[in-house]
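Two complexes follow with chain A in common, the first pairing it with chain B and the second with chain C.
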Partner chain A sequence: MSETFDLKTTTVRAINEHLHGLAPDATGVYEILNPNGSHNIAVGVDAPVEINIRGHAGYFTAGMNKQARVTVYGNVGWSVAENMMSGRVHVKGFASQCAGASGHGGLLVIDGDASSRCGISMKGIDIVVGGSIGHMSAFMAQAGRLVVLGDAGKGLGDSLYEAVIYVRGKIHGLGADARVEDLSEEDRTQIGELLEQAGLSARPAEFTRVASARTLYHWNPTSPQVSVL
Partner chain B sequence: MKQMLTLEESANYNRKILNYIHQASETGVYDIRGLGAKRRVPSLDDLVFLTASLSRYPLEGYREKCVTKTVLGTRFAKKPIELEMPITIAGMSFGSLSANVKEALGRAATHMGISTTTGDGGMTPEERNSSKTLVYQCLPSRYGFNPDDVRKADAIEIVVGQGAKPGGGGMLLGLKVSERVARMRTLPPGIDQRSACRHPDWTGPDDLTIKIQELREITDWKVPIYIKFGATRVREDVKLAIKAGADVIVVDGMQGGTAATQEVFIEHAGIPTLPAIRLAVEALEEMDMLGKVQLVVSGGIRTGADVAKALALGADAVAIGQGVLMSLGCNTPHYIDADGRPVDVTEEYQALGTAPGYCHHCQTGLCPVGVTTQHPLLEQRMQPEWGARRLINYLTTLKMELTTIARACGKSNVHHLEREDLVALTVEAAAMAKRPLAGTNWIPGA
Partner chain C sequence: MCGIVGLFIKNKSMRDQLGALATPMFVCMGDRGPDSGGLAVFNEPTPESAQRWRINVFARNREYPWEPLIHGLRQTHPATDIVASSNHAILMTDQVPEIVARWLGEYDPMLIFLSTGRVMDLYKDTGHPRELAERYHFTDLRGTHCVGHTRMATESAVTPAHSHPFVAGNDFCLVHNGSLSNHNSLRRLLERRGIQFETDNDTEAVCRFLQWRMREGDTIEESLARGFEELDGFYTLLMGTPERLVLVRDAFACKPGIIADTPDYVAIGSEFRTLAHLPRIHEANLFEPVPEKIYSWTIA
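So, the complex of A and B:
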């Protein structure tokens, strides 16, 4: 089935309520017209449906998404796909700050650039950015992979935990406890798979791997490190 | 001839400060500890009630009806929170506390008709299943935060900061990070888990407005949204929270507790709960939001008198954390075994370098009475049924004290307690609470 919502004649609230009423196994295609930068479009969806947002969207687009495949035919504001659990969010244009923040799973693809703090606090989400990313991206990122075909701004991977970053272009500066590591065969395989899923093309061997040096895993390296558990 | 000793302690370099300097010189690191500020600050203890006499007409001490029902979140939510009394269990994480403790809190709160609150690390089945009314915290770390639990929540509390460490974030030391805790937080076991000091997906109050709308959209505008912050620039923060769209504002004074943070924060950041309440109420009044946006205060609320004073100053409810843990046995010299016998654990306190009555070593995970621990053996020392029974007694006592004071002030509803019912015992409290010094009409600074 297919339904069309026009934000010239309806509200974000009405669209979200409708999408929240879908069964967890519902399928179908939902077209959202004239978003005109509206915030919170398609947040909290939990169904394997396809949602096409035809234009620019505002903050928190597809926030906390589960299962849905959301495509934005335009740019997005802050925190697209924040806390996403599963599914796929594809931004055909550019993304503002905090793209994929605290995402637990699923795939976020941004064809253009993503602004600062892309992948901040990520917890298992995979993010592929066709362009460049801004400063302090992947700050305190815990798990998941961030693949960047362009450049990365200053402070990349500051306070990283277990997430891994792959950058093809120039890295303008690493954050605290982030370090460049050798690219393994497994890394190249993973990059290739993520690029294929994202529909983007590049040679995996051209990427630089950034991961945590793990020197900040304990606030006081001289204190007892052995768990009593 | 024996030389006379001259033992003149310095006020500036007393034994506490000497110990601090010596320890810092040996270790090169600051102290991290649990619970709240230990220093004396102006507090609700510095106020007293002007109960009824000839000029006011009292109600009968414990017999006449005195309403305690409390409703929070009436501004925008379709389903405001209804409490049987103006007390809620403060947010405390699974990780800092054991699953048994979280279950005990839920059971007691449900019995008393009040709410409990999750903490960093997400929502456990134990607390959701045992809590009729559960407030789900949205913290900067977003550990374990997910949409399924958002939809299970009865209210959502966006935590901007905490009274024990405003602006400072938090920490769960690796010693307490078990496999389960680590899994819930998507981090390896055994490493220190830093709780960020700022949210990942918004920064200022304008962004927060949209964040609140997002949470409202996800929950179809059903549940109230609280905003909690540590008491610093209270007047400004309350106004910004109102503007951002909060249903309920939670202000946590500097006496508020923590599972672990730098002592320098605990003792030196934020303002006491006493002035924080007054500032928050004034901000609500200036925005014409008193009674429309509800105010919950926390940080050193321990007794029924504290609850009554907070309400009289203008709060709608209080949140209690440390008092609740102490009810469950924190700082007692023994725990109760399966046969109901007390087992002395004074030596275990000593092994931590402390003693019952002085302990603030939550950060170690070696709580001798099984409250702030993830240790599989220690956590068995606090069984949910026993803990819930203790907590029900404590909360019942608070309710009795609250209502008996309200009746003595001539109020048939605890929410009718008012500022005029209070005077201050110290100049500092008079200035901070803007209540007259007892026996005078003097309010310093007014």
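So, the complex of A and C:
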């Protein structure tokens, strides 16, 4: 089944209420017209449906997404797919700050650039960016993979935990405790798989791997209790 | 939070639509700044505007009796015109502003001078931006470019004087989304040089700092480069001069901004939705300003 919502004649709240009412195994295609930069479109969906947003969307688009495949035929504002749990969000244009922030799972694809703080505190989400990313991306990123076909801004991977970043272009500066590591065969395989899922093409061997030097955090249960100041 | 809007008309035939296009931008950003707002409008420079001063005056009383004021003013300064609506008036005069200001100060010490210059007009007050746009008939405004702000105060009081745009000198205005932590030391630095302040607002310190640098001979770029060193805090700044619209974001760039560049106009807003109504917006080159880069548009 297919349904069309036009934001010229309805509200984001009405659309989201409808989507929240779907059964967890519901299928179907939902078209959202005239988003005109509205915030919170398709937030909190939990059903394997397809949602097509036909135009530029605002903040928090597809936030907390579970299962759904959301495509934005335009740009998005801050925090697209923030806290995504599963499913797939695909932005055909560019994304503003904090794309994929705190995401736990699923795949976020941005065809254009993502600005600063992309993948901040990511917790298992995979993010593929066709263009470049801005400063302080993957700050305190805990798990998941961030693949960037373009360049990365200053302070990349600052205070990184166990997320891994792959950058094809220039890295304008690493953050504290982030370091460049050798690209293994396993890395190349993973990059190749993510690129394929994202529908983007590049040679995996061209990427640089950035991961945590693990000097800023300690997670060793055998070490004695250290008092924290 | 605060909202910023700016519109720069490239296509001269669209200059009479400046207000009609900018008003929905301003009203939309009322969501980000509902407590007060303001709009500075740059009129098209003409041979006449080069000869006359524009003095923008604000009265606390919404039904201010401007008729007796202009009648009295013309007794001593006959070549003075007035355009008034509600509690705002633009006085256009051949006299230097200081002389007119002295007369007005004696006539009614409660009047507030919003701005002086050759081409810039300034409207600002507390209240929802929608209310201000209606009261001052923003849709009718014409000009080359404008700078608007909707305020959600995070520091200093909500009063007409604390509303943006701030001005310093003639025909220079600035709006700010963000907050500064060292504005008091900037203020002391400037006060030691004899520069007077009207409020305790952080943005006023930035405005006066940059205008001081320009008065000392810096270009706007040089003054902003100095600002990058001196300003401690977060800011997206939008500035207007008679010829230029200038935008800059600080190194952290945590305050938003988006630019739509088209053959007919350049529109700037805190969010895309404030630009969504503009003509042929979907063909515009849309981009986010990057940190510490100075974006500037100059009238032809």
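Just so we're on the same page, the second predicted complex is superposed on the first by the 217 of 229 C-alpha atoms of A that agree within 3 Å, B and C clash if a C-alpha of one lies under 4 Å from a C-alpha of the other, contacts with A are read in each partner's own complex, and residues count from 1 in each chain.
Just so we're on the same page, a residue touches a chain if its C-beta (ideal position, glycine included) is under 8 Å from a C-beta of that chain, and two chains touch if they have at least 3 such contacts.
Note that the structure is a prediction, hence the values are computed from the model and not measured.
Contact comparison for chain A: of chain B and chain C, B touches the greater number of residues. By the touch criterion stated above, A:Ser116 is placed in contact with chain C alone, chain B being left untouched. Looking at the shared chain after the overlay, A:His56 reaches chain C, while chain B stays out of its contact range.
In the superposition on chain A, contact is made by A:Asp46 with chain B only, not with chain C. Contact with neither chain B nor chain C is seen for A:Lys92 once the two complexes are overlaid on the shared chain. By the touch criterion stated above, A:Arg188 is placed in contact with neither chain B nor chain C. In the superposition on chain A, contact of A:Gly134 is made with chain C only, not with chain B. When the two structures are aligned on the shared chain, A:His104 is found in touch with chain B, with no touch to chain C. Looking at the shared chain after the overlay, A:Trp78 reaches both chain B and chain C. Comparing the two interfaces of chain A, the one with chain B and the one with chain C have residues 39, 58-59, 78 in common. Against chain A, the residues of chain B that register as touching in their complex are 27-29, 32, 141-142, 145-147, 150-151, 171, 173-179, 185-192, 194, 196, 200-202, 207, 210-211, 213-214, 217-221, 365-366, 374-376. By the touch criterion stated above, chain A contacts chain B in their complex at residues 12-13, 16-17, 20, 39-40, 43-44, 46, 58-60, 63-64, 66, 78-79, 82-83, 85, 98, 101-102, 104, 117, 120-121, 123-124, 139-140, 142-143, 159, 161-162, 217-220, 222-225, 227-229. Residue ranges of chain A in contact with chain C, taken from their complex: 36-39, 55-56, 58-59, 75, 77-78, 93-94, 96-97, 115-116, 134-135. Of all residues in chain C, only 253-254, 256, 258, 271-277, 282, 286-288, 290-291 touch chain A in the complex they form.
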